[in-house]
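Note that the chains are named A, B and C in the order they appear, and that numbering of residues resets to 1 at the start of each chain.
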Amino acid sequence: MNKAAMKRMTRRTEFYMFLVLIILIAVIGIVSKGSLFESTQIVTILRAMVVDGMFAMCCLVVMVSGGFDMSFPAIAALAYSLATTICLNQGWCQTSPIAGFALSIVFGAILGMFNGWIISNFKLNTMLVTLGTQTFFTGVSMGLLQLREITSTLPVALKKFGLSSLFEVTNSAGLKSTMTTMFIFLVILCAVTSFVLNKTMFGRALYAIGGNEVSAERAGYNVKKTKFILYTVVGAVSGFIGMIRVCMASQSIPKAMVNKEFTIIPAVILGGASIFGGEGSVFGTVTAIGIITLVNNSMLLVGIDSYWKDFFNGLIILIGVTVSALQAMRKKH
Amino acid sequence: MKKIIALLLVLVMAFGLIACGNNNANTDETKGTEATKGDEKIKIAFVPKVEGQAWWDYVGAGVKAWAEEHKDVAEVVYKGPTEVDAAAQVAIMTDFVNQGVDVLCFSANDPNACEEICKQARDKGIIVISTESATMTNIDYDVEAFNDAGLGAFLMDELAKMMGEEGEYITMVGSMTMESHNNWADAAVEQAEAKYPNMTLVEDKRVSSDSDAEIAYNRTKEMIQKYPNLKGILGTSSFDAPGAARAIDELGLTGKVFAISVAMPSETRDYLKSGVLTTVGLWDPAVTAKVMLNLAVKMAKGETIEAGIDLGETGYEAVKIEGKVIIGDGALAITKDNVDTFTF
Amino acid sequence: MAEEYLLQMTGIHKRFGGVHALDDVSFRVRPGKVMCLAGENGCGKSTLVKIISGVYTKDEGEVVFEGNTISKITPAEATRLGIQVIYQDLSIFPNLTVRENLAINSEITAGRKLVNRKRWDETARAALDKVGCDIDLDAKMGDLNVASKQLVAICRAMLFNAKLIIMDEPTTALTKKEVDALFETVRQLRDSGIAIMFISHKTDEIFEISDDVCIMRSGKNVYTGETKNLTRKQFTYYLTGRDIEDDYFVPKNISPEPVLEVKNLTIDHRVKDVSFDLRKGEILGITGLLGSGRTELALALFGLEKPTAGQIVLNGKPIRIKSPIAAQKLRIGYVPEDRLTEGLCLAQPIADNIALSSLKRLSKAFGVLKRKDVIDEGWKWQKTFSIKTDDVTKNASTLSGGNQQKIVLAKWLANDLDVLILNGPTVGVDVGAKQDIHALVHELANQGLAVIIISDDLPEVVVNCSRVIVMKEGAIVGEMTGDGITENAIAEIIA
């Protein structure tokens, strides 16, 4: 590695986040007297990363394009609540979960399209638009459709799918734990996001638009179309993630996603995405989600009171936003 | 042109929101058939902790049924915040106080936050009745299916039965600031210390499930990792037992680790039947709500409220009164044998 | 067949609503030559460029490119013909690497769906080769200096087999050295047969680089032809519509007693032991290269820098200037270099901007301010400074750069001052407005104001100052007065 490349690496937020993660793992590992490194605990933490990690991918691509999506949890919640309600009423998803997923993805795509249509056509501030649609979607779910919690009546195929596992691990005490099948989807989504962002012209378009929208237009990108597609896809993927969460928790709760954006967005910023767009990587985002999940799931292990959870998450938000703002300032000078 | 479309869009969205809001209020507002003659009826507002959750939906249904039955006497509006949010709840209560209802019934997300508005309500002559908020001062009465100590002891007795009265256990609460949950946990621990000398609380800190089964699941796994000999989980929130049960089931620890909490039959039915859970505790919150409403009517009519009074529901035929707290005998142990008798 | 002219535009008209933005404009571009399109702000240069690049459609007129009449130009058509515009903002992506910035446009044009690093690399190298420059392809665009960014933009334009490259005010943000390097590149492109259309309003640059010139004023082209047939004086006349003479400042009544004395002033390592005095009625120039300490010195006199040692004496009394407010109370005024960010509230009316520093004087009892007084104050200065506006209640952002600078001046002069410090008073201002500002400053000095001009624009210093102090590495290295002030004399000791 030459000097210039080294310098570039050390200037990236991702690099420091990764160091922080390594240090955290070491510290928690030592304080918990090795408990953290038990196979069962590793599986638990990886499992806990699935939903947040997948949402973070959605959030990342939007932030790379210079936007803010506050509505993805609301889209997910409305999509899966609607999908499970329909499946329940129609008696679907008794043998295969596909119908549930398909419905949720379609609903998510439609809601995302609505975001995309407003954002690309009226050139409004994405944060305000999605904040509006978020409230609107929640209103539709709670008020208009009166969607209710579905717990023990959840269609069996969805429950079964959520309980299915990839492999089983046994820890030193003989305790067994299984790795949920859903983890595959996290890996796939990260891989696909990384591929799209780095290896496709669409992904480069997102970086270009995030870097300089006017230039992207002049360079020949169809900015309007790109944004529309982006928000539609993010909506569809959010619907899919929502269904994953339903299967994992064996229940469909319309409110389960409320305020999720306030933990995901700061995490993505912490992972190196810029609040001004054009920056961010899958690696950094996964690292940041890793940090947050690790801490939230190890506090008791190392004997820290649950009271501190909000303190910690608030700190993450502050650090993430400050780092991003400082970098933007440094760039300006 | 685009600006106009954008503006229209915003308007449509705004109307949509208002429409949703109205819709909400309309369906929840269980008016008597002759609402115009409302003057003679007792106007009661019922503010739950949150709307859209199975537990409170069930309470809502109970309130609705009661309202239908008593439509000649009272007019009831059931409305709560859309998320567990103390400020939003106080805002709704303030609305009702300003509208000039006769009775305000509620279950506080944060009792302290509700004191001020309750004081105002009482100053205006409104009867204030709460539940799960026994520590409040600015109320007329607080109705409890049992007192906190009673429920805590009940949960511990049941857990001790499962654990064979010995072994390590932890406590789990829905939120670190949820007063009732913490009181139950405290009472349960006291009960164990008094009656079950062979049971040890290994984690002196309360474990928070954030009232989310997924998090209860993660916390359970974390605790089992930390305390390999863990035998019991004393939960409080209705998400604790289902979440813990899923972790116990997945880890293959059925019969080795036991969990209990207050829980909805619908969410624990499968686990009770498969044996992962043995017993969960519950009271019938709809019955408690109806008791609150019955009490409201009695008070509005000017009847004297004293210990031993019959509040018209099973378990509340002769209630105890401790200061401002009315305590019934409404604890229910739900097992695989009786779970199917509950429709919620 | 080689045409004599690459592009001929004849009788071009463009109207926006009632505004006749282009009124019968005609000009020709020769291949392998540099053609300068000159004109003051708002003369229609940008509109013309947008018609050539296909962004706007002309209302009337004929466009002939390589002998073919083009009826309608679209952006895609312009690219196909070999017309490339390098906008002032360079249309770059600061967050992407140099490689991506170079290759992305052609990749999009080729309709690619996937990224092929090898192909991107080849494209990027080919682009750099066309201009013969060497830039690290992995560097982030935002980390490059302006000159390198410009080179990348030029290289990128070359990828499209450009025959005509239009550069929109490319020298605005460049230092003299960078301008020289840019001109070297421009000459190199010119010699390889590419036509360059160079948009500028800077006289020196136009005479240095251009073969042909087209001067526009108020939507009309007032001169087209070879640059060599034009004198500077004529050029300025065409540009502004009036004769502009370099009007040397002659001090009329310099006070015997100094109004301001600076004794052994030191600020960290940036200003070292500087002493000078300033009298009423004189214009003192402080010049030096960037980093010579000239700006820090000025800021210290306005309370924005804290001296670490030394003394400032005003009207015989030693003073300490703690803040800009304190400076104003002591009747010292400061006009910053970056008028847009430091001196003006662009989104506020002209009159309010002018009245801002004299609110105390204008306000009645209990600080009540009458709207009419503010507007009257605005009109008063509009007349004094001939600020080009029909309404002082319009926002300051509606004015051109020179007129904005006038407002900042007015803002300070609206308060009676003893000392006025001007930092780069005419940076980014066109010739006509520059002349107005100079005349105004001369008049103010002759009315008894003590003026300090901080500038690295040597001709400006020579024309305007009755005394000049030259700074280098924080210290004073020379002082000259009257006829002794020449560009050569300053240049000798400045670096």
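The definition used in the following text is that contacts are C-beta pairs under 8 Å (C-beta built on N, C-alpha and C of every residue); 3 or more make two chains touch, one makes a residue touch a chain.
It should be emphasised that the depicted structure is a prediction, and the values quoted were computed from it without experimental measurement.
> Quick one: name the chains whose C-beta contact count is the highest of any pair.
Most contacting pair of chains: A-B.
> In terms of CA centres, which chain lies closest to the overall middle?
When every chain is reduced to its C-alpha mean, the one closest to the whole-protein mean is A.
> Quick one: report the Å distance separating chain B from chain C, using the average Cα coordinate of each chain.
70
> Round to the nearest whole Å and give the separation of the Cα centres of chain A and chain C.
47
> Centroid of chain A to centroid of chain B, CA atoms only: how many Å?
32
> Over in the complex, which chain A residues touch chain B? Could you list them?
Going through chain A, the ones touching chain B are 32, 35, 38, 40-41, 44, 47-48, 118, 121-122, 124, 132-133, 135-136, 138-140, 142-144, 146-149, 151-153, 163, 171, 173, 175-178, 245, 248-251, 253-256, 258-259, 297-298, 300-301, 303, 305-307, 309.
> Help me check something: in the complex, which residues belonging to chain C touch chain A?
The contact residues of chain C facing chain A are 87, 89, 91-96, 100, 104-105, 107-109, 112-115, 136, 138-140, 142.
> Any idea which chain A residues touch chain C in the complex?
4-5, 8, 198-204, 207-208, 210-212, 214-216, 218-221, 274, 277-279, 331
> So in the complex, which bits of chain B are touching chain A?
Listed in rising order, the residues are 2, 5-6, 9-10, 13, 16-17, 19-21, 23-24, 27, 50-54, 57, 82-83, 176, 203, 205-208, 212-214, 217-219, 221-226, 228, 242, 246, 250-253, 264, 266-270.
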